[in-house]
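Heads up: the structure comes next, in structure tokens.
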Amino acid sequence: MLTLEDCTRMSLLEVDRINTLYGDSHVLFDVSIRVEEGEVVALLGRNGAGKTTTLRSIMGVLAPQSGQIRLDGKPIAGLPPSAIANLGVQLVPEERAIFGGLTVEENLRIAALTAPNAWSFERIYAMFPRLKERRRSLGRTLSGGEQQMLAIARALIRDARIILLDEPFEGLAPLIVRDLVTVARNLAAEGRTMIVVEQNVTAALSFAHRVYGLNNGHVVFEGTSADLDANPDLARDFLGIAA
Amino acid sequence: MKAVRSGEARKYLPELSVLVLLLAAPVALPHLGFSTDLLTRVLNWGLIGLGFDILFGLTGLLSFGQAAFFGVGGFVTAYLLVSGTLSSVWLALAAGTVAAGLFGLVVGWLAVRRIGIYFTMITLAFGQMAYFIENSPLSNYTGGENGIPGVPVPTLGFGEHAIRISAGLPMYALFAVIFFAGYVLARRIVHSPVGAILRAIKENTGRVAMLGHNVAAYKLTAFVIAALYAGLAGGLLGSFQSYMPPDAFSLETSGQLVVQTIVGGAGTLIGPLIGAAVWMWLRDNLQLIPAFATLWKLVLGIAFIVLVIGLRRGICGEIAHWWTERRDTAALRAAEAATLAIEASGDAVTITLASHARDIVLPLPAPKRSESRGESEIALEARSLARHYGGLKAVDGVSFKVRCGTIHAVIGPNGAGKSTLFKMLLDEVSPTSGDVLLFGTRITGSGVSQAAQLGIAKSNQLNQLFPNLSVRENLRIAALGRRRGPMRIDLLRSADSLPDAEQQVDSVLALLDLIERAETPAHILAYGEKRRLEIGMALATSPNVLLLDEPLAGMSPSERAATCALIRDIARACTIVIVEHDLNAIFGLAEQITVLYEGRLLADGPPDEIRRNRQVQDAYLGGLHAHEPA
Amino acid sequence: MPSWPALISQAFNGLALGSLLALVSSGLTIILGTLGVLNFAHGALFAVGAYAAFVMLQYTHSFVLTVVVGCGFMLALGVLLERTIIRLFYNRPHEDQILVTYGIGIVLVECVRAIFGGNAQRVPTPSWGQGATQLGFLIYPTYRLQLIAIVAMLLLSLYLVLYRTSMGLVVRAGIENPGMVGILGINLRRTFLLVFAIGVVAVGLAGMLYAPVVAVTPDMGANFMAQSFVVIVLGGLGSFPGAVIGGLIAGEIISLTSAFNSSYSEVMLYALMALLLVLRPQGLFGSEGRV
């Protein structure tokens, strides 16, 4: 039952029928996504479904050919990534993109540079004690798990309003995945808004509230995590092997 | 039909125009402030420019060191004549030209290994090196800062009947004849298979290598051609002004050539000549106006910046553009309209594509197997392939075999290592350990172009076309790959004069239903057509094993169906290995499926077996089963 | 075999030349590393710096004041060039960037020629740098010793800017991954302007400081630029430490070779570069960066 309030209230982020091309290949077709304040949304789908492209479009790394993206109701599509970042959107890219020639602390410092409400290093280190131990190490000497922690920490230190996590658990050992899932759950519990793209559906569903399913660049499913939990066949349609 | 006939006549139009220009110039231009001497100098610059344009305009390699070859040609010629080693100016010119070519071979061998900025810096540095070598260590031969005076002019005929070619009109005639011959030769080179490949290198170097051409060797060829032209021009310069000046070697000379080429129009061959005319005319005539005496080069510099900021076609480029625009606009608009129509209702077109039956003939036979001990049916084999990036094991000890004549799929979730594995199969990426065997021959470590020569081709996930070449030219570059071998210097034949390559191009055009689009530049094609061309280029090399990297990416459902049908047709002629995310398509196509998960082999078997494999399902569903009631 | 004092004297010359090459090349290399633009106007800017010193000395009669005002002039010139021309070329092919900066070089040199003529100008050695200094084992021109110290200080301050300031942090990160710097909310275009201006000031300073030692002509920068190309190929494109060490190596090679046979001094430098290209193409400190 929709109330009037629901209808007029603006979502934190609205992706409104965007079409995005990568090179000359049309990747996203009229993709629409809505994220409320304090909500964690998972984007699921096979390889090549357009999940990463969706995140990159929101961040402004790729400009949508058509459609609009609104943050707090204000259009942001077409702005450069730096401007979008300064409005509080923060992508944690799949390849992590740690600056290898900078130390851990320098990586954090550069992230905090343009953030008005940047966290203190202490607050970050309290969350990731491992990063504190390695704060003088160069980025390129970090392990995969440490790099991922640093990548997430760079988004947190900016106090981003909405964090876009692209495959945060990819290529990491199970123990490290478990730690990172705990971090993500805590962030979700604190009410931090996130969009997560993940192959590891179990891990993603363990902290996501709602789910969008993408297939071939189209949104083919929208529902809650509970819907998906209750009915795994639903997911197979857009995720898995034709059983 | 009419187009074809006028095309024949138009074929030699550039040569004819240049001939008329050369004949008319000494009659008409002196009234505009061009003396015969000045025209001769302009021709000399134009001659270096012919070679430089093949290097820069055609191949896209910006050299700031052409002065080195100009100087070597000039000083070798001058020294041989003045020292009395050779008495014939013609022989000395030939020797100077050859010397410049040899020097070009050495410098080029070092320079063509690097691209872009590196290439330019290296050529500039070697240019400076040549300048300093001339200036001091070799000054006993070259006269150092004084240069070599007293270089004789060439003679025609022998003994008493010999005619000295004196300054003025005779000298102009000599330069004009040599320039014209050089121009005709350069045109032949541009239209030869080598020229076609050089143009393709400018458009997309990586793809040229994947099609089996030895890119470094072709770049080196262009470099040496440019050095030879510069060397000849250098020799002629000394003879023309009976003095070989040391500043032939200076950085200024290289820079002047670059500026003249841009002003006149790169990629037009005649451009550098026109640019030189502008440069020389400004220098000689602005100097006569008192206020401009010192400003002529400033004016030129500003004009040059404006040209580079705006469209950088240059004078001849603009004329050529206007000319072809006038001629081809209709055809181009029609092609663009066709693209829009296809994009609007792509399905109709692709359905017709799917409907007709095709017989695919790949003329080149499979290589003889080097080991035939019962495994002769194996086309491609990976033996414990591994690729580590630092600590990350992208691929970790994967082995599998691809049987001859089958469609073999490689699948796996993101980050499974499929693309790295694929790149190792044709030696685009060299493995940390392990081998790839093509019909029993080890191809690992041979490099991507050699792998292509051995019969393995790949169509890429992201299109790797030559955007400004026509569809036919795209396919021709591919068809020439295995037919001509990794490297051949057939500079004088026409690129379209290899009958079996042309036949191959025609049959692939027919197969892809692109006959009507054969003359359309690749960048104008609709997306689905580009994807087909991407596959077609791999096919046109006549591979024995064809690797398809996500051939269905970005296609509509009906395009997918059509492409799957196409793949099945191709499979009758050669072995196919395919990576694809569309699992429904894969289960319909493949006879054998290899599943990768986190860099390792998870499963290998026929589709039915893979479909039922619980581990595979888990890998794909990311452990969703954990949520199912057990 | 030259005598030891001659050799040591040449080693000092090498240090003086090398430190200047290091200053010129570090400007070139940070512009290349951050903006991705190979600045072919660098040689011309060197000459502009020298002429700036020539002019300012006539007005101020103070070398220190000359250098300060000269730096301001170079900074303004750098900002002007970046805002009007260079910024149009960030998304254009490398070839276009090279061509347009080469064009800028022509225009700068020709402006200088139009104003001051083509003849060599003399810039006097500053009053505090006259004469020679007794170093115990050799007597060496005072100004050249001071030159080494001044350039060392300048390089140290450039190091501090790059490694101890926020801007330096952004520059180093931008050389590695410009895209991610943008994603972290930093507008690199502003940094590009600063880096280009700093590079121009660095090469201009080199020109000003070198002016008393050589004949000042409009074309004086061309050879310096070619040498600094060799330096950054030696050191690795975009590497600041590479430019400094590469500059010192290049300076010593030129000077020490000329102690043995001056006609080979420059040739040796290029021969070394050729050798390095075969053995270690990425340069001494280079990694395969964005170039």
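Couple of notes before you dig in:
Here the chain labels run A, B and C in written order, and each chain numbers its own residues starting at 1.
Everything below uses one rule, namely that a residue touches a chain if its C-beta (ideal position, glycine included) is under 8 Å from a C-beta of that chain, and two chains touch if they have at least 3 such contacts.
The shown structure was predicted, so the numbers you read here are calculated from the model rather than taken from an experiment.
Shown here, the protein chains touch in all possible pairs.
Nearest to the global CA centroid, when each chain is reduced to the mean of its CA atoms, is chain B.
One inter-chain figure worth recording: subunit A and subunit C are separated by 44 Å, centre to centre, where each centre is the mean of the chain's CA atoms. With centres taken as mean Cα positions, subunit C sits 35 Å from subunit B. Centre-to-centre, using mean CA coordinates, subunit A is 41 Å away from subunit B. Subunit A contributes residues 59, 61, 80-83, 85-86, 90-91, 93, 97, 99-102, 106, 109-111, 113-115, 154, 158 to its touches with subunit C in the complex. Residues 166, 169-170, 172-173, 175-177, 179-188 of subunit C are the ones that touch subunit A when the two sit in their complex.
On the subunit A side of its complex with subunit B, the touching residues are 22-27, 46-49, 140, 143-144, 167, 170-171, 198-205, 217, 229, 232, 235-236, 239-243. Interface residues of subunit B facing subunit A in the complex, by the touch rule stated above, are 390-392, 413-415, 462-463, 527, 530, 550, 553-554, 581, 583-584, 587, 598, 611, 616-617, 620-628.
Of all residues in subunit B, those touching subunit C in their complex are 60, 62, 64, 110, 113-114, 116-118, 120-122, 124-129, 132-133, 135-137, 139, 251-252, 255, 258-259, 262, 294-295, 297-298, 300-302, 304-305, 308-309, 312.
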